[in-house]
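Worksheet: one structure, shown below.
Letters A, B, C and D mark the chains as written, and numbering starts fresh at 1 in each.
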Amino acid sequence: MARQSKITMMQAITEALDMAMEKDEKVILLGEDIAGGTTVDHLNGEGAWGGVFGLTKGLVEKYGHERVIDTPISEMGYMGAAVGAAATGLRPVPELMFNDFIGFCFDTLLAQGSKMRYMFGGKATIPMTVRTNHGAGASAAAQHSGSYYGIFGSVPAIKVVVPSNAYDAKGLLLAAIEEDNIVVFSEDKTIYSLKEEVPEEYYTVEIGKAKIKREGKDLSIVTIGKMLYVALEVAERLAKEGIEVEVIDLLTVAPWDEETVLNSVKKTGRLIIIDEANPHNNTATDIASIVSDKAFDYLDGPVKCVCAPNTPVPFAANLEKLYLPNAEKVLNVADELIADLK
Amino acid sequence: MARQSKITMMQAITEALDMAMEKDEKVILLGEDIAGGTTVDHLNGEGAWGGVFGLTKGLVEKYGHERVIDTPISEMGYMGAAVGAAATGLRPVPELMFNDFIGFCFDTLLAQGSKMRYMFGGKATIPMTVRTNHGAGASAAAQHSGSYYGIFGSVPAIKVVVPSNAYDAKGLLLAAIEEDNIVVFSEDKTIYSLKEEVPEEYYTVEIGKAKIKREGKDLSIVTIGKMLYVALEVAERLAKEGIEVEVIDLLTVAPWDEETVLNSVKKTGRLIIIDEANPHNNTATDIASIVSDKAFDYLDGPVKCVCAPNTPVPFAANLEKLYLPNAEKVLNVADELIADLK
Amino acid sequence: MEKKKALWIYENMNDIRNFEDEVHRIFTTGAIPGFVHLYAGEEAIATGVCAHLTDKDYITSTHRGHGHCIAKGCEVDGMMAEIFGRKTGLCKGKGGSMHIADIDRGMLGANGMVGGGFPLAVGAGLTSKYLKTGAVAVCFFGDGAANEGTFHEGINLASIWKLPVVFVCENNGFAEATPQSYSSGSKTIAQRSIAYDIPGETVDGKDLFAVYEAAGKAIERARAEEGPSIVECVTYRNYGHFEGDEQKYKAKTGPEKELADTDPIKVFRTKAIKKKLITAKQADEIEQLSIKKIDDAVKFAETSPLPDEAALYEDVFAQ
Amino acid sequence: MEKKKALWIYENMNDIRNFEDEVHRIFTTGAIPGFVHLYAGEEAIATGVCAHLTDKDYITSTHRGHGHCIAKGCEVDGMMAEIFGRKTGLCKGKGGSMHIADIDRGMLGANGMVGGGFPLAVGAGLTSKYLKTGAVAVCFFGDGAANEGTFHEGINLASIWKLPVVFVCENNGFAEATPQSYSSGSKTIAQRSIAYDIPGETVDGKDLFAVYEAAGKAIERARAEEGPSIVECVTYRNYGHFEGDEQKYKAKTGPEKELADTDPIKVFRTKAIKKKLITAKQADEIEQLSIKKIDDAVKFAETSPLPDEAALYEDVFAQ
């Protein structure tokens, strides 16, 4: 049953949280100000905020403070509590307000949550979805604009999802919450208001599968999160020159979908990966290294990464714009790769 | 002036710390039990431990508790204090007892120390060397055996050094402490007792430069830390088949020495990188991706990474052995690459 | 308190208020991007504390840092230009509102990480003690920050090492939309001092004289090498948590509203005149000059150029 | 205390002691690799606390976890095999001494990260409260762990949410080689309870009855939904921090030595016999059986196979 109009990625995420909570009582949310105003008399149990970006708005009114739990500013405390709650039977969905706060709670993910099942010989199960956000472009400066999904992705036993649009965000988030593993669900704060057609029903999108957003035979571009839109712009522009770009939206960055990426590269012989993380030891270089190896005989040119520079995120608007990958940078790289096709 | 006998990497590190402290009063050490027994009467100011591996032994006796500072178990506190002290004029050398404790203090490095200079428009200088250790092979189990230099290396404005031997350890540590930047100096706990000839004098080894440990024209192997010895064994064994392996000891993993690696690959056309970190988003994949790109036209085969599997470190001795890269695994990969040479 | 000090205090409080009111106004025009947290209403704290400090002393600040910067001597022109993201900003436009710093003034940076300042202040205290500079490090932090682990680790370190650090809690009743009464197991933040065997005191943060006195005592104690203290100042912020906040959580009546309505600048003006520390004429003059100063700062910022593109790649490593 | 309970207690204390003494002996032969931290000397704490718990209750443990495991009902065969790194270990040999766990018994794992247990226990308490299972979560931690930020964050969370969590500090005077009197700003750990407005008590951790009583009160309070408490038990470890420690920091005379020389098992035996809770004959029997039980565990471990190689890749993700 299609709803009348498109909804934003923000609305899709809220809807997914709502449905997950509706479906399973064991799903609880924790985070700073995800309700807001807990214990403030005149609010009568309503939330004052619903999260810093409003993503959890309406949920405390429906599910109460028992399930939409405002936390003090204690990331290690509540993230670790989520691990402990997951190990003992709940399905917590903690929110890390910005992925930049990873340094305050990394142990609970790196050394506790992700290792328990293995260290305990398979006995622990940690069904937990960490919602967070990343990304430059909101003038949020160096400490609120980083992209650290690649760091989470380097940790064994953590799955990492980066949605690019409302439809996948809803389905992936529902799939994540169904998972009996730790999933980091990293949203790009600058595309929350992008709209898309999103079914009203409960549905899941498979974690670990990339999507081909545009087919092409000349050049593959793999993207993470909002870099999809850079790739689509590049594809559009190159189409005018007769170059057919295949655009692959990774969606899950750990473990990423080798099969889809390799099949595409075997067809096109050329690959660019766009990842707005800092350039070293990130998802892009991981893909580049594996593709360069496994598709070696198919490559007509080097696999190229277009990433942020190796600097913190600058505040000034002009510098921040320059910091992010964009169509021009990708086209520059593409030109080299497709020189022989023109 | 050559000393009579070889010394261990452990001794070389202690010697470097001693010389750095001797040379510059602003150098102070902080860490858990790096002296040991602070305020215990009957010790009369002597250290009870000198660090968990004895690396700081003798220093408190020489420099006092004012400069060899035992800390409570407060990694975020004292690591952040080191950043604050560095920003205000000291040259602290904090020790993170195991790199696995990164999750307790990551913010002070990721969001504070590494970003201050940039965020403040160049006004802050953070001369600080974080000593830590990594590595499997000591039956230390999942929470004390990880290799996380790649995570530090993904952060802009942090340099990361991984010494493989006593000589370089001493020179690199002295160079690190001279640096006006954050350097993470990550020691492999399983090779502390390896001996080498080490000059008694103060000397530095340039940060950012790799070393060619064995020349060869057929295959390049880049190694990190103790993986050097795996590569040397492989080189020895392949030499018997007439294959000449060039072995490059990376020494600095961030920023790693592109020039030396690329020049080698341009000569040999083949590259294997051995990195005992977990396999994704690590230094090996970073090198593989950049070399596969920049040396594309020189490669006779795919760049190969030999890393740990994507699991935590298991405790049982037989599994831990299997976890680590070894000569067999590298030879398997090499066989493929050099098939045409045999 | 000397008259000169009182004049400085009144000027400083006005500068902070006018600065913040202007930023608030400009933010609604869209000329200032990003997250901006205003200090208006809390002027008595930064001012009353920093009145005891000189350039050689250090402070660490928070996301709500403009007031601390001004009180610690940062130039308002460079601050405003920074908030606008201009080349002439104190950080060349690369830091923004949450990262204004001026190390030469002992201002170790506003900080976007809640609780990030505790360990940094401990480090500055360590430097002071080690180099025997006599400097004190003041760590400003919010009631919300008091629930971070860094609070505990930092204060414990300062306590056992007897460092010259003063921990000043700006308890404005809320962390974003979360009341302190909900987020804190303890009724006051000051009572947590018992966990570190150091002095802790709660004072009226809207009353400059109360802050000035309590901070003075703590800073003196620190300078005398007797170790750290906690000074908790009860206050309220005039605006929302950040610009754009609907502030539904604020009470419309009762003691909270009374606290909200108490203007620390007016309180000081009245008391200071009564105590004959300043005259009404002087106060009026200061008010006028302050408005002009901030107007000029806005003009300076507005007419300043953007950073050069090369700046993106600069200031990563020291050479 | 019931007689049955006293018998269980005496058996449990002996099991822990014999287990640890055996591990100590075997470690010197080289048959046990890695880092091993022994609980001998502290038996009264794990035993006195867990005497109040059942399988549905939870505990979080530390690097010094063997005692907690035994007291919470883990089989000693599987524990010993785990420490030997064998396939029959409680964790299939993949965890080792620092990571023994048995979730079915409510034993959420020894933990190699000092301070790692606080948040986990809070989480278990949250589950209990949310699902209304009536379970209590006990968080064992050392005096050294009390200086981690997780101590502060965890206890504050438990306090504001009134969770059924009991924080049991095993204050053995040292963290590795660092005295608690140096590392802690506060004289006691219990006094830090004031920072969270919860009860805190310091008891003689060598006296099982003292621990039993204090823990019983705290656990009852937790079950009655009145919130968390801190119980600090003063104790001492018989061996070094880990196997191989020279222990230069330990005092050879004075009150510290007296504490060291107090054997909690002997203390209990004497008192329990006096209180007519057990007879000397029963005690002797228990001692003998315990030795045999641990001997058998060693044999079980020694004769168990190593894990299959495939195990390296298993248990990463749940399907």
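In this text, contacts are C-beta pairs under 8 Å (C-beta built on N, C-alpha and C of every residue); 3 or more make two chains touch, one makes a residue touch a chain.
Bear in mind the structure is a predicted one, so any value in this text is a computation, not a measurement.
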*If you take the chains that touch chain A and keep only those that also touch chain C, what is left?*
B, D
*Just grab the chain with the largest centre-to-centre distance to chain B, centres being mean Cα coordinates.*
C
*Taking each chain's centre as the mean position of its Cα atoms, how many Å separate chain A from chain B?*
31
*Rounded Å distance, chain A centre to chain D centre (Cα mean)*: 40
_Centroid from C-alpha atoms only, then distance chain C to chain D, rounded to Å. What do you get?_
45
*Per-residue overlap in chain C, given as positions that touch at least 2 other chains*: 91, 93-95, 99, 111-113, 147-150, 153, 156, 160, 182-184, 316
*Tell me, which residues of chain A touch at least two other chains?*
71-72, 74, 76-77, 100-101, 103-104, 107-108, 111, 118-119, 141-143, 156-157, 310-312, 314-315
*So how do the chains connect up here, line, ring, star, complete, or something else (other)?*
complete
*chain A contact footprint on chain C (complex, rising order)*: 33-35, 85-87, 91, 93-99, 111-115, 144-145, 147-149, 175-179, 181-184, 246, 248-249, 251-252, 306-307, 309, 311-313, 316
*For chain B, which residues count as touching chain D in their complex?*
32-33, 36-43, 48-49, 52, 70-77, 100-101, 103-104, 138-144, 309-312, 314-319, 322-323
*chain C to chain D touching residues, read off their complex*: 147-153, 155-156, 159-160, 182-187, 191-192, 194-198
_Under the definition above, what is the set of chain C residues touching chain B in their complex?_
58, 60, 89-95, 99, 101-104, 108-109, 111-113, 116, 118-128, 130-131, 137, 149-150, 153-154, 156-157, 160-161, 314-319
*asked:* Under the definition above, what is the set of chain B residues touching chain C in their complex?
replied: 28, 66, 69, 71-72, 74, 76-90, 92, 107-108, 111-112, 116-127, 156-157, 159, 179-181
